[in-house]
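Below are two complexes that have chain A in common, paired first with chain B and then with chain C.
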Partner chain A sequence: MQTVFSIAIDAFAYGMVLFIISIGLSVTMGLMRVVNLAHGAFAMIGGYIASYAAQDLGLGYAAAVLLAVFGTVIISIPIERLLYRRIYGEPELTQVLMTIGITFCIIGIANYVFGPTLKTIPLPPALQGSADLGFRSIAVHRLFAIVCGLAVAGGLWYAIERTAFGVKLRASVDNASMAAALGVRTEIIYAVSFAVAVGLAAFGGVLGAELLPVEPYYALRYMVTFLVVVSVGGAGSIPGALLACLLLGGIDTTGRYLMPEFGEFFFYLAVIAIICIFPRGLAGRAR
Partner chain B sequence: MNRETVTKTMRPNRSITRDLIGIAAIIVASALGYLLFPDNLALLTRIIAIALLVLSLDLVTGYCGVATLGHAALFGSGAYAAGIAAAHYGITDPLLMTLAGILGGAIAGLICGVIILRAHGLPQLVLSISLIYLFHEFANKASSWTGGSDGLSGISPDPLFGSFEFDLWGQTAYVFGVFLLLAVFVLLRFLVRSPFGMLCRGIKEDPMRIMAMGASPKITLIKMYVISGAVAGIGGALNAISTQVVGLDSLSFTQSAEALVMLVLGGTGSLFGALMGTVVFMLFEDYVSAANPFHWLTMVGALLIGVVLCAPKGLYGTAADIITRRLEKRT
Partner chain C sequence: MKRVAIAAFAAIIMGNGAYADTIKIGVVGPFSGPFALQGKNFKAGIDAYMAMHGTTIGDDTVEIIYRDLPAADPAQSKALAQELVVKEKVQYLAGFYFTPDAMAVTPILKQANVPLVVMNAATSAIVTKSPLVVRTSFTTWQTSTPIAKVAHDAGVAKVISIVSDYGPGVDAENAFKAGFEKEGGAVIEAIRMPLSTNDFSPIMQRIKDSGAQGVFAFLPSGPTTLGFVKAYNDNGLKAAGIKFFAPGDLTQESDLPALGDAALGIQTTFHYAVSHDSPENKAFVEAASKAIGNPAELSFPSVGAFDGMNVIYKMIEATGGEQDAQKAVDAVKGLSWISPRGPVSIDPESRHITQNIYLREVTKANGGSYYNKEIQTFENQGDPGLAAVK
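Our next item is the complex of A and B:
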């Protein structure tokens, strides 16, 4: 019972971190049809900025998180303007090549600026320790990650389903040229959603630093995980991404707890099975 | 693509000239490599092995339009098949080891083809990534057969044709590799121009129409995947024979991604592009990582971004475009 409970909590927290990082990727992929392999690199930049702010500048956790999110968004704006703009609507292979190139550059620069060591982001005292639920105590940090994940999911759901911006966003996802013809400024929609996606990636990178440690090869190591989540969930779908994160987080964590020697074997086996059964993702729609 | 096909069918003589030029270019380039870098034949042999991998990737990506980030699965299976044949079954004749590599690669090609072709677009990419990780984990766990993370050692190939030893300088391995590459190149030139190769191109352009014509895209693509596996298997076997070890890195995601990068760098849908991309990328990587180990990843990334921005059809595709435009102007 104890094991089941701790696996469930860990899986839930891990799934929520995955969700925060990959939901931005899912929305931008559904919107702009860009296979963006550099998304993990933005999460990594967020982690590095937060670590620098907290350790070297001595800022508090909240300030470090804010700095990381806004810093990463500011870094991403010229990258979007100069590089991503050129690959919208290009063939998949070109997009893969360009975004792998961006990832390599960011890894190389991070390695040079911050060194190849693992970076930690010190947690504030309030998030250390563990909370007593009466029958069992769990780490506050895990709880915090879960709450943040749920808040992000709820906020995005509200923004997309209930606001004017969300209506325009959904219209652009379904048919960009028709939306543009009806007077939706699609470039602004693209730019805003790209910025939100990058900001969320940075936030997830900082929040998940305990589970996915920040180091230069972060971008390559977890890139695959994020892509897998998006594709299993179905690009552009928030419920799909949430379901995929919980499912894959559960499979991965259970596999690690019960059969650590088989590593990621079962994770990828499950991914292959799911995609073979649902080629468009769990919540994907036929096009 | 279409215009090229038309000119080829109209002027069959010219494509044969191009074949001869291609063969001559491979021979001249390999002779030059031998003369210029006599101390670095191991690198050149590795380039040939990877070139076979990239050629095989070109068959499914360039000619059939299947995007895959897991093609090293076929390469690594060929390498392990050749290595296991030598280390566990005592089949140490290099030609038989190559045959084992072809078989191993073809079987892996069949498995990967059946699974990868179930989806399209992003799910297809993710399936291919999952497959390469699965192969990697499997080879890691089956360590009594594959040596696990220590690599499979104890491969000592017999002298080629009983008289040419695989020595420390790697001359035999290099010449063997060049001949394998030439044979594969000639066969593939025939293959891509055959009705089967044309059918594959047709599927890439418009699968619905091919179905309407009465052909089955899926079975055709699976056949192409098996052929591609055989070619990648030759590359893997060559790598196993020349280095005499097979490591887990031959089944890695990084190797697959690099192969795709080389292919797109050279230009998809053309055998020359695949060869050119491999040579340029491998030499560039070797030079930059030796010159500045700290920045090489940044440089490789910058090279990729530069290619996408300046030469979107790849090096060979862009060069060929410029040359045909010049020729058209002259006539």
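Our next item is the complex of A and C:
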């Protein structure tokens, strides 16, 4: 029984970290219909900024996280205006080629500016060490990641389903020209959603840095995992992404605990099974 | 007068054989991509050697030709080596970070009449594939065997082994098991985890549940190492007194600033620490730091490359610059010298380097930086892996 609890808590923590990093990608792919392979690159930029702010500028953790999120958004604005705007509504292949190109450029620049070594983001004393749960101990920053993940999920769901902005966003996605005719300024809607998605990527990059350390190849190394989460969850669906993260985190963790030799096997077997039964993902909408 | 001119002309033509040649050395390594840091270390070691010993041997000038191989890719490795031999006419091949890349090149050495000096690839079997292979790095067996004795001496009887599921990981597991059982200890569980594992919490829980007193670990240096060591601390294994044993790949110098306090006190065995205290190493670190630009990036492949160049220079001296691979290799069999890592020699039988293996502990220096402090020496270690694969 203790083992079951133990696996469950690990799976939950891992799933929430996956969720924070992947949800931004779900927004770009599902709501904006852009296959953004540069998502990992934006998460990496966030990690680098936070690491630089905390280690070289000596800022606190909270300040470093804020600087990382807003810094990454500011960096992404010219990229969105000059590059992404051209590929909205283009065929997927064009989007894939362009975003993978952007990724390679960012990898090269990161390697040149920060060097090829690993970068860490020092945690504040409150998040260091481990907490005793009675039956086992867990790292405090994992608990922090769980809380952040739930907050992000709740906030995003509210913004998309319950606010005027969310209504306009959903209208623009479903029928851009009709929404524009009704007075919705779709360009601004798209720009804001893109900024939010990038900001979430940066936030995830910083929070997940304990699990996925920041280095130049971060941008590609974990991209497959992010894409798997989005396709299993159903692009654009927040409950779907949450469900997918918890499910995949659970399968991955259980597999790794009971049979580490076949860890990957169970993960991808589950992905194949889910995609066979739900081709659009767990909560994907039919087009 | 005319006769004198003809004689002079003839003398020049005939004397051409003794004229200065350019001897080319082809170096294949990961100079871009995720492993670029290791390629950079190759280059730093080679540059340091040439800065200290000059670029000429007798009348001959040495020229290095680099070829980039970003990730393990045997077919591409062979193609690059062939191109270097046929088009660039290199007399020596060197470098090679990954085992499969080095293995792929061994079949062409004899026909090309070119020796191969392996500067990193650490699987025991490479030297058996061709009599023209010499290795100046280490093998995973060589660096993992002594830690078994260290574990036993620390009073640990039951150990769980956790390795990444790929060639060197399996080598490390076997080496530790063989060494530890010889000492009278028991490996109660051996787990191989996929290379792409990011979250090590479940593994840590497994270690706890197993009831082992210590854990032996091997992972490739880089991002995964960081996650593993952090998980070891975060999940309370360090606090529970479960000891951590590993070969030095886990605490390579360029990863230490990132590992930070989490790595403090971890004991590893390896052939080289940048902090090694000797005049030879001081001179080497100074030259190599200059070559690499940022001293914090200096790591173990640089010393393999440095000693590899020493071997190649000796080969060139012995052959007088003529291309004769067998003669060149024979000339360095039994060669011994003082390397930055300590006294080393080339074993005439296996053509692999015999060297000291050091037990080191990650320690914080006065300036707040971290380094591997050598605390025990295992002298003149050969490669136990060769006996095991035969």
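Keep in mind that, in the parts below, the second predicted complex is superposed on the first by the 277 of 287 C-alpha atoms of A that agree within 3 Å, B and C clash if a C-alpha of one lies under 4 Å from a C-alpha of the other, contacts with A are read in each partner's own complex, and residues count from 1 in each chain.
By definition in this document, contacts are C-beta pairs under 8 Å (C-beta built on N, C-alpha and C of every residue); 3 or more make two chains touch, one makes a residue touch a chain.
What you are looking at is a predicted structure, and each value in this text was computed from that prediction instead of being measured.
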item	value
Partner chain(s) touched by A:L211 [first = chain B, second = chain C, both, neither]	second
First (chain B), second (chain C), both or neither touched by A:E264	both
Touching partner for A:T163 - first (chain B), second (chain C), both, neither	neither
Partner chain(s) touched by A:N175 [first = chain B, second = chain C, both, neither]	neither
Chain B versus chain C as contact partner of A:N111, first or second or both or neither	both
Touching partner for A:R86 - first (chain B), second (chain C), both, neither	first
Common ground on chain A, meaning residues reached by chain C in one complex and by chain B in the other	111, 261, 263-264
Of chain B, residues touching chain A in the complex	61, 67, 69, 115, 118-123, 125-127, 129-131, 133-134, 137-138, 140-141, 253-254, 257, 260-261, 264-265, 268, 294-305, 307-309, 312
For the chain C and chain A complex, residues of the former touching the latter	33-34, 36-37, 40, 165, 191-194, 196-199, 201-203, 205-206, 209, 222-223, 226-227, 230-231, 234-236, 239, 254-255, 257-258, 260, 294, 296-297
Complex contact set, residues of chain A against chain B	29, 35, 83, 86-87, 90, 92-94, 96-98, 100-109, 111-112, 220, 224, 227-228, 230-232, 235, 261-265, 268-269, 271-272, 275-276, 279-281
Of chain A, residues touching chain C in the complex	3, 6-7, 10, 13-14, 111, 115-120, 122, 129-130, 136-139, 141-142, 210-213, 215-218, 221-222, 225, 252-254, 256-257, 260-261, 263-264
